[in-house]
């Protein structure tokens, strides 16, 4: 349950065209992540699906029902906000049950549902507290609890973890993935965070200025970026992009090689220069080198590295790991 | 959802506002046997129109100026001009507002059909002109005083603000005692502090002291209000600004001049506008204390608007005063707009 | 503490106390005088005895003040008029502000601008035409249909319910509330009125207090000009009009002082109890700048 279809959806704020024309299918039960640079329209798409913004054109269909002109509460969706948006004057239980209270569900049934939800999210002991008396992670769980209560077909998350510290974020990532497995609803998730996108999604949508650059599984996007934009956007550290002589050798305008596919070689080759900076991450090491004729090139090597800044370095790569681009698009033909 | 409130605003604020404009162009009375007529700007002409009459001292046959017993020149009576419709139609039925001595013993007499209104206008402007700076200045002084980190300072803040919550009607009644000519507290205190040298004054019964007395009382009542607004402006200034000034060795005056005052600019404009608006609507003090007297020396625009529009049932006259009052207030607030826009 | 600092401190307190006396002496005089018979009141006021409860102290003035005027009725009227106005004002103005901030409808901007503009129209300038309006408005009440609002409670209430300042204060406050909260409740299925009642109002405690206090000061203390114009019958008079009674026939200053005390002291006590809120509400009018 919970297939979402956007058909030629457009959105303007006055004269500002935020979404020119966007079509997208979000399969039922999927965990779809929207990523893209700040201001590209991720939140806007989420809010269009939620019904918090009216589309300027196009259709939005949830489970075969055209919801384009329906009230948010009639769309069978739930939304979790970055700020949590908990009602400060209500207890946790009241927050979670508010939607049911409004729907005039009997007190007993509300209580039952609230305690079910509280159990899923381990909130049982906090039900009588006010949001002010909760930690960030607990508030986040209450916000998710409020979403679950409504039994929605589609969950919408707008950067839900960005206010949490790193370790809590890791924990919540796992919890959310488990929750998805447990309730099997469709989830649409907006994030800035690469790691969240790669680890949680079964479908990633990359957006650029309101236009979809690519849709696919995380590994698809990583291994076969359709465009230079996606190639640069997915992966950390970024893919090395080289122009000029070396690109011409591969019959393209721009040649991309991921840092982990760069190798340090003993003898001089195409890429020669000196080490500018070294970052030791423990399991592996990032080497930033000043290569003659090119910009800084990043290489990721496994384990430790017995070299220091200023040392001469030669880099090479296997031709089966290259990504070739012309006019910003991927070239898939063999050469 | 905004409908009920908007409806109320429109019926009881905006409609009467436009009615005031409309009525001021007619001769409507509350109850009148004659139908209401449109009279154009007649009301305003009557109220604002002044004419100037220059009179010269009377001469005897020899061409010398006639002097009275005290040696002052004798002037023809103004009445001769205003009662004489045939020779001086332009002065007919007008009254003297004030006189100005010119050179060569000539005297300029300013005549008007509606002296009371002009006095009310002048008094209201004078009231605003004096009360605004004095009240704003004193309020700032009190705010600076209260803004010190002293123990128990909040008690003083509470006391200074107390008159604000008391009705102006009550305050005016009380101050009638204080200003009383015989047993007034003010006279008592003045005599005590001057060791009996001070001659008791009937503060409200004297044309020269009545308006100043009302001004002083108004400042007393309202200064706490503006002190609080200044105070909230002062408290938005970060402590670090003062600390920087101290490290750089600024004197207390320099700190005020270069740190405090510039941050208070917007507060200053706000305070001035509120005081001006309050000053222009001077009413309860007059109603309770003097009813415009003595000799019209404390007439105010609002008081006149009420007297005419209500007590004399001259709706159009009262409305015309309202319109003039509104135009005054409007120009003040446009001036404020202009001031705030200039420097941003 | 060094001597010169101590001296400076003492001087500052001296100044503060001296100014405090200026603000307090009329109030003390009022209360003290209300307890003295007229003869003593007048003779005392030529010395500092005016501020001291000495001589013939008794509540006689209060008793005769109650005989002279139906004080309880006036107080009841004032409280009733002020109270009802505050309740309706808070409700309708916050509702209007809610719709200006959270809903979008055609003409919203223009109407809000017009309402704000009325802020610079002093009530005094519209009193006379307003009199004409209420004089010709019909009213259906318990006693049947009347063709004028003159001499009633509602003529003293309804025109004052909606005002620009109250609407503006609410608008300011609502604009600062997180928009997410409203959106969350929309998704939870709340109607706009439910959003208003169950989410916005419970969060608006501070501004409700502010608006109520300002309205209270505007109403209770200013019931003079308008009641003079529209109320001739004793039974609808507010306290400020009650003063007239004390100037008919042999004026007794002690009684006047008693009456002033009666109508002022409750406000002062109220103020002392809630002084933080009072001062904060005045300060909040300053945010406009």
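Here the chain labels run A, B and C in written order, and each chain numbers its own residues starting at 1.
Just so it is clear, a contact is a pair of C-beta atoms (placed from the backbone, for glycine too) under 8 Å apart; a residue touches a chain by one contact, two chains touch by 3 or more.
This one's a predicted model, so the numbers in the text were calculated from it and none came from an experiment.
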| item | value |
| --- | --- |
| Category of the chain touch graph - line, ring, star, complete, other | line |
| Chain at the geometric heart of the assembly (C-alpha centres) | C |
| Separation of subunit A from subunit C, taking each centre as the mean of its C-alpha atoms, in whole Å | 56 |
| Subunit B-subunit C separation of Cα centroids, rounded to whole Å | 23 |
| Chain centre separation (subunit A, subunit B; CA means) in Å | 67 |
| Residues of subunit B engaged with two or more neighbouring chains | none |
| Complex contacts: residues of subunit C adjacent to subunit B | 9, 12-13, 15-16, 19-20, 22-27, 29-30, 33, 42-43, 45-48, 50, 92-93, 95-96, 98-100, 103, 111, 114-115, 118, 120-133, 158-164, 167, 192-193, 196, 217, 220-222, 224-225, 228-229, 240, 243, 253, 256, 260, 263-264, 267-268, 270-272, 275, 278-279, 282-283, 285-286, 288-289 |
| Subunit A partner contacts - residues on subunit C that touch it in the complex | 178, 180-181, 183-190, 194, 198-199, 202-203 |
| Subunit A residues within the subunit C interface of the complex | 50, 52, 71-73, 77-79, 81-83, 85, 87-89, 98-99, 102-103, 146, 150 |
| Complex contact set, residues of subunit B against subunit C | 1-2, 4-6, 8-9, 11-17, 19-20, 23, 30, 142, 145, 148, 150, 153, 156-171, 173-175, 177-178, 180, 183-185, 188, 192, 220, 224-225, 228-229, 231-233, 266-267, 269-270, 274, 277, 280-281, 283-284, 287-288, 302, 305-306, 309-310, 315, 318-319, 322-323, 325-326, 329-330, 333 |
